[in-house]
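The following blocks contain the structures, represented as C-alpha cells.
What follows is a pair of complexes built around subunit A, which joins subunit B in one and subunit C in the other.
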Partner chain A sequence: MGIDFVDIAQAIIDGLLFGSTYALIGLGFTLIFGAMHKLNLAYAASAIAGAYVGLAMITLTGLPSVLAFFLGPIASGVIGFAVYVTCFRYIPTTNMLAPLMASIGALFFIDEIVIHATAGSPLSFPAVMEDIYLEFGDFGFRGDLIFVLAISLIAMAVLMYILFRTRLGLATRAVSQQPIAAELCGIAGHRTNAITFVVTGALGGLAGCMAAAAVGVISPLLTVPITVKGLIVTVIGGLGSIPGAIIAGFAVGGFENLFLLLFGVNQRDIYVFLLLFVFLVFRPGGVFDTAIERD
Partner chain B sequence: MLKLDDLSKHFDGVRAVDGLSLEVDQGEVFGLIGPNGSGKSTTVNLICGVLSATRGKVTFKGRDLHGLPPHRRLNAGISRTFQNIRLFGELTVWQNVWIARRDAPGREAGFIRNWFGSSARTREAIEETLVFADLAGRANDLAQNLAFGEQRRLELARAVAARPDLILLDEPAAGMNREEVEDLRQRILALKHDGITVLLVEHVMELVMGVTDRIAVLNFGKLIALGTPGEIQGNAAVREAYLGSPDSESA
Partner chain C sequence: MFNLKPIMKPAVMAAALSALISPAFAEETVLIAGWGAKSGPLRSFGVNSEAVLKAAVKEVNDSGGIMLSDGRNATLEYIYFDSACNAEQAISVARKVASETSALIGIGPTCSGAAAAMFGVFQKTVGDDSDTGLQFPILTDTAVRNGLAKISQWTFRNTPNEPDMYDKLFAWVAKTYPDLKTIYGGTETDQGHSNGTYSKVIVQASKRHGFDWATGAIEGVTGDLGSGSTEVLDSSSNWLMADTNFSVQARAFKKSNADIYIISSHPFTTCGMLKELKRRRAEPKLMIGLTSSSSAEVMKGCPDAAEGMIIPTSFAPITPAAEKVAMLANENGGDADLHSAAAWENVMIIKRVIESVGIGNTPETLVADRRMIRDGLETLEMTDGLIGEVQRVQDEGEALKPYVFVQATEGKWAVIHDPRAMQ
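On to the complex of A and B.
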C-alpha cells in the first residue's frame, strides 16, 4: 500500500493548520528578540503553564471549556511578566548570557511546578469544534484545527494592528530600533519591554491552549518540544522578522506532518532539524533574509 | 533655567568634563563650542541623562535632575537631537514625530488614549511640526529612506514634537551645505521666538556666531571662556585652544 498524492496533500493541510500554533510561539520568541535582542527560553514553559491554569480554572469552577482559551492566555501573560522581572529587568542589557541562562532556569522552574502540581501525568484538554469535519472532494479539514487556525489568525491580526498602527506598538518598535533615542523621546524602555512580555506571554498561552486542544491532552512533556519548535521557527523566520516567523510557523507545521507521514513518528524530528540545517546553511537570514537591523 | 554645578564626568581616568559650572537663561540660544574631545557631547549626555555624572549636579527649572532617567527628563521639558542621526528607521516620518509627541502639561491623555488613539488635536500638531521641518510632503515615507538633510530635519522635528522648554542640539549642522545651514538658523530663531531655550553644540562657526546670544567654550572638559559671540571671537584663550599655542605642536 503506497502513499498517494491525496495522503500527502492531506498531511500537509493538517500540518499547516496545526502550524499556526508554531507561528504564534515563533512570534513570541521573535517579538521578545526584536524588543531586547535576547531570547526568552522560558517562553514555551509559560505558554504550557498558562494552558494548565486555564484548564484548572474551568475544571474547578465548571465554566464552559471555551473560557480556557481566555483564562490560559491571561495566566501566561502574568507568568510572562514574572519571567521578565526575574530574568531580564534587573540584569544589565549589555550582559547577553545571564538573561539567557536565567530564562533556562525559569523554563525548568515552571516545568517542575507543573509536574508537581499534576503528579506528572497528562490531563485531557477539551477540544473545540471537534465534531465538525469539512469535506472537499478527497480532502477534509478537521474542525478543531480550523478553530486553531481561525483563532491564530485573529491573534496575529490584532498583534499586527497593535505593532504597526498604535502608538504603543510603534513605541515598542522604536525601543528595539533605537533604545537611547526612544528613552529621549519619553518612552520608558523597561515599561515597553514589560508590556512586550505580557502580550507575547498571552500569545503563547493561546498557542499552548490550542496545541493542547489539537492534541487532546496536555502534559509537561510538551514544553521542551514546543520550545525547540518555536526556536526553529524563529531561526527559519529570520531572527526578529515578524512575517518570517508566521510563514516559518506554517511551513514547519506542514513539513512536520509530511515527515510524519513519510518517515513515521520516530524519524519525524530528524527531518525537521534537517530543515533547520538547510536554512542555516543556505538562508541564514531566514525566509525573507532581512533579519534584524544591526548598527 | 539650566544650571550646571561643578559637573564632572570621568571615563577610566580621562576627565571628559571637569568641574563645569555654567547657567543657561530662559529663552536664550546658548552656544557650546570647543575643539574635538573637549567634552561638549558628554555635557549634552549628562544634561539629558544618557550618562550619569561622576560629580556635580544638573539643575533644571530649580529641580535637581540627579538620578532621573532620560524619559523623565523629557517629561520635565528637555529634549535633544543626535549628532549621529538616531531616527526610528523602520517607522514613517509621521510616526517618528508621533512617538515623540507629548501633550501640553495638564492635558495629558489617559493610558488608553495615549497609547492606542490619536486625537484630531494631536494629528494637527504633528502636521504643524512637519511643516515647520519642511517634511510635510514626506510624512508617509520611512525615515530610513530620507535624504541626509531630511533626516537632520526629522531629528529636529522629533525633538520639537516633545514640546520641550529646553532643546539640546548636538551638532545639527554637521554635513550641511550653506543653504541648509541658513534654513537651520531660521528654524532655531523660530524656536527662540516660541520661547524655547536652545543649547547648541556646533562646529560650524558661521551658525554659532549668527544665532547664539551667548557662547561657552570648552577645552579638555573645562570652561575656558564665556561671553557674547563678539567677545568670544576676540578671545585669545579660545584662539589658542582651536589653533594651538605658538610654542606647542600638539593638536
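On to the complex of A and C.
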C-alpha cells in the first residue's frame, strides 16, 4: 500500500495529538529533576496507578465517568507523596544512586499492586468526546484526542502559572536553583520538594488518565512504555527544562508516528532511540539548553 | 507415681509430626505442579489456570482421589509457581520442580516464548543417556504457538491446533459469507504466538479458501503453512504488545477497504486496535481475531468495539461439563477460557494415566514414576475434553481438540457454529 502526503500529514497530526500525554509525563520527570536533580522512575507507574484508582472510584460508586479525570490526578498526587517519603525524603541528597534505585523498586512495586488488584486484565477506560470524529476531506481528527490535547494544554498553562506566578512556584524554583540559600531565606526545602511531588504526581495522574482515554483501555502494560517515552522526552527536552519537555513531548509523538508509517513497527523504536542519541551527542542539554546550575 | 503429663503433650505432637513426614503418609499424596504467569501484565492467564486447576484437583479428591498400583487411593495435591511470562523464570521453575519436589508431572507455562525456551532444557529423546536434560513430564495447558511439544519427548500439550481451527474457520466464512472476498490485517510482532499464528497460519488459511489480500497479492503466500510469512508481515500493518497509539495502523486498515479485518493479538492491544478502528469509522464486513482473545478480558476491555468479531476457540460453555468448569473457575476467582479450561482436562488426563500405569509413588520410585507417566501420556490416543473428545497426535505430543466459532455479541462470546456439525 503506497504512502501519500495525506498519510504522512495525518500520521504527524495524530502523533502530535497523542504526544501531549508524553509532554505531561515529560513535564513531571523534568520538574522533579529540576527540583531535586534526581530522577523519579516510579513517576509513570504512579500516573497509571492513579488512573486506575480514578476508574475504580467511578466504577464502584457509579459517579459520572468524567470524574475519573479528577479523581485519578488526586490519587496520583497522594501516591507521588508516598514515593517522595519512601524513596527520596530520608536518603541523603549526596547519594545519587540510592533514590534512583529506590524509585525503580517503587515502579515495580506499584505496578505489581495494580496487576494483583486487576489480575492484569485490560479495563475499558472512559473517553470524553469519543463519538466525535471530524473529517475534512481525507483528513480525520479524533474528538477524544482533541480533548486530550486541550486538557494537556490547560494543565501545562496551570503548571506554568503555579511555577512562575505563585509563592509556591517561587519556592520551588528557589529550592531548585539554590537549595541552601532558599533554606536560609526560610523556605522549607523538604516541604517544597514534597509539594513538588504531589503537584507533579497529580499532573502524572492526568497524563495517565489521558493516555488510558486515548487508547480506550487501561492496562499495566502502559507503565513501561510511558516511562520510557517520558524519559526520552525529558532528555530531548533538556533535563529540568519545562518548555523543552513540552516541545519534546509533541515532537516525540509526531516523529514516533512518522517513523511507524515510514519504516514499520519493528524499526520505529530504532529511529526514536536514534533521535535520542542524536540529542545526547550533539545537544546534550536538550532543545532549550537549560542554564540552571546548582551550588 | 510418675507425672507423665509434662512429657505426654510433646510426645503426642512428635508422634503426629513423624506421622506427617513419614514415607507411609507421603505415599497417600500424589503431587503435581503447575506454573504460569501470576505476576506481570499477563497475570490473568495464571490466575485463570490456577483457579481451574484447583477446581479439578478438588473434583478428583471428591470422587475418591487417585488409585495407586497397590490399590490404595491417594489424595491429589498441587503446588503452583509463578513463572511470569518469562523464559528464564519458567526454566528456573521447571528445574526446581523436577529436582527439589516430588511432583510427578508439571502443567504450564503460560506463554509460548517461555514454553519454547523451557522445553529446550528437557531431554530431547527419551532414554538418550548423553542428554542430561530434564526428565520430567510436562502437559502444557496454555502456551499455544504451533508445534512446540515436539521440542522434547518429555513435553506434551493439550492446546488447540490453530492450523486446523483457522482452516475450518475460513472454509466456513467462505461458505457463509460468499460476498466477502478480501482481507487485511495486522499482529503484535513481538509476541511469538500472535505473530506466528498470523503470519504462518491465518493468512495462508485465508488464501487456501479463496480470499485475496486487499492491497494486492502477497509474494510467496501459496496457502501452505508458513509460506511467505516474512512477506505477510511486511504487507501488514502491525503493532507491539505494549503500544498505546494505533492511529497509523487503523488508517491503513481503513484505507485497505478490505471486507475482512484480521486482528491477531492479545486482549490489551486487540482492544486498543478495535477502539481505534471504531473511532475512525472503519467498518469492515467481518472481523476475525486470535484464539487468545476469545476470553473474558476482551469483553471487559472493549465489548462494544469487539461486537461481531469471530474467533475459533476450544472452550465454550456448551456442555454440562464445560458449564460446570466455567462456574467452578468463577468460584475460585478466575475465568474458564480456551487456555485455562485445559488445566481441568489435564488433571483428568493425569489421573487416568497414573491409574493406568500404576505408579509406586515413593521417593525411591519417583524417577521411574515420572518415566511411566510420560510413557503413559504417549500411548494416549483419545482423551475426554470439556466440549468433546480430544484426539492425541502422539508423534508430536500435541492434541487435536474440538472447537467452536464464537462471536462477540452484546458483551458476551456467543457460539455461532460448531464445525463438527459439518462432518
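Just so we're on the same page, the second predicted complex is superposed on the first by the 288 of 295 C-alpha atoms of A that agree within 3 Å, B and C clash if a C-alpha of one lies under 4 Å from a C-alpha of the other, contacts with A are read in each partner's own complex, and residues count from 1 in each chain.
Convention: a residue touches a chain if its C-beta (ideal position, glycine included) is under 8 Å from a C-beta of that chain, and two chains touch if they have at least 3 such contacts.
A quick note: this is a predicted structure, and the numbers were derived from the prediction, not measured.
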item	value
Touch count on subunit A, higher of subunit B and subunit C	C
Touching partner for A:Cys185 - first (subunit B), second (subunit C), both, neither	first
Which superposed partner A:Asp14 touches (first subunit B, second subunit C, both, neither)	second
Partner chain(s) touched by A:Gln177 [first = subunit B, second = subunit C, both, neither]	first
Which of subunit B and subunit C A:Asn266 touches, first, second, both or neither	second
Residues of subunit A that lie at the interface with subunit B and also at the interface with subunit C	none
Complex contact set, residues of subunit A against subunit C	1, 7, 10-11, 14-15, 18, 112, 115-116, 119-124, 130, 133, 140, 142, 144, 211, 214-217, 219-222, 224-226, 253, 256-257, 260-261, 264-266
Residue numbers on subunit B that touch subunit A, as the complex places them	48, 50, 69-71, 74-75, 79-80, 82, 86-91, 95, 98-100, 102, 114-118, 158, 162
Residues of subunit A defined as touching subunit B within the complex	166-168, 170-171, 173-174, 177-178, 180-189, 293
Interfacial residue positions of subunit C with respect to subunit A in the complex	37, 39-44, 47, 189, 215, 234, 238-248, 251-252, 255-256, 267-268, 271-272, 275-276, 279-281, 296-297, 300-303, 305
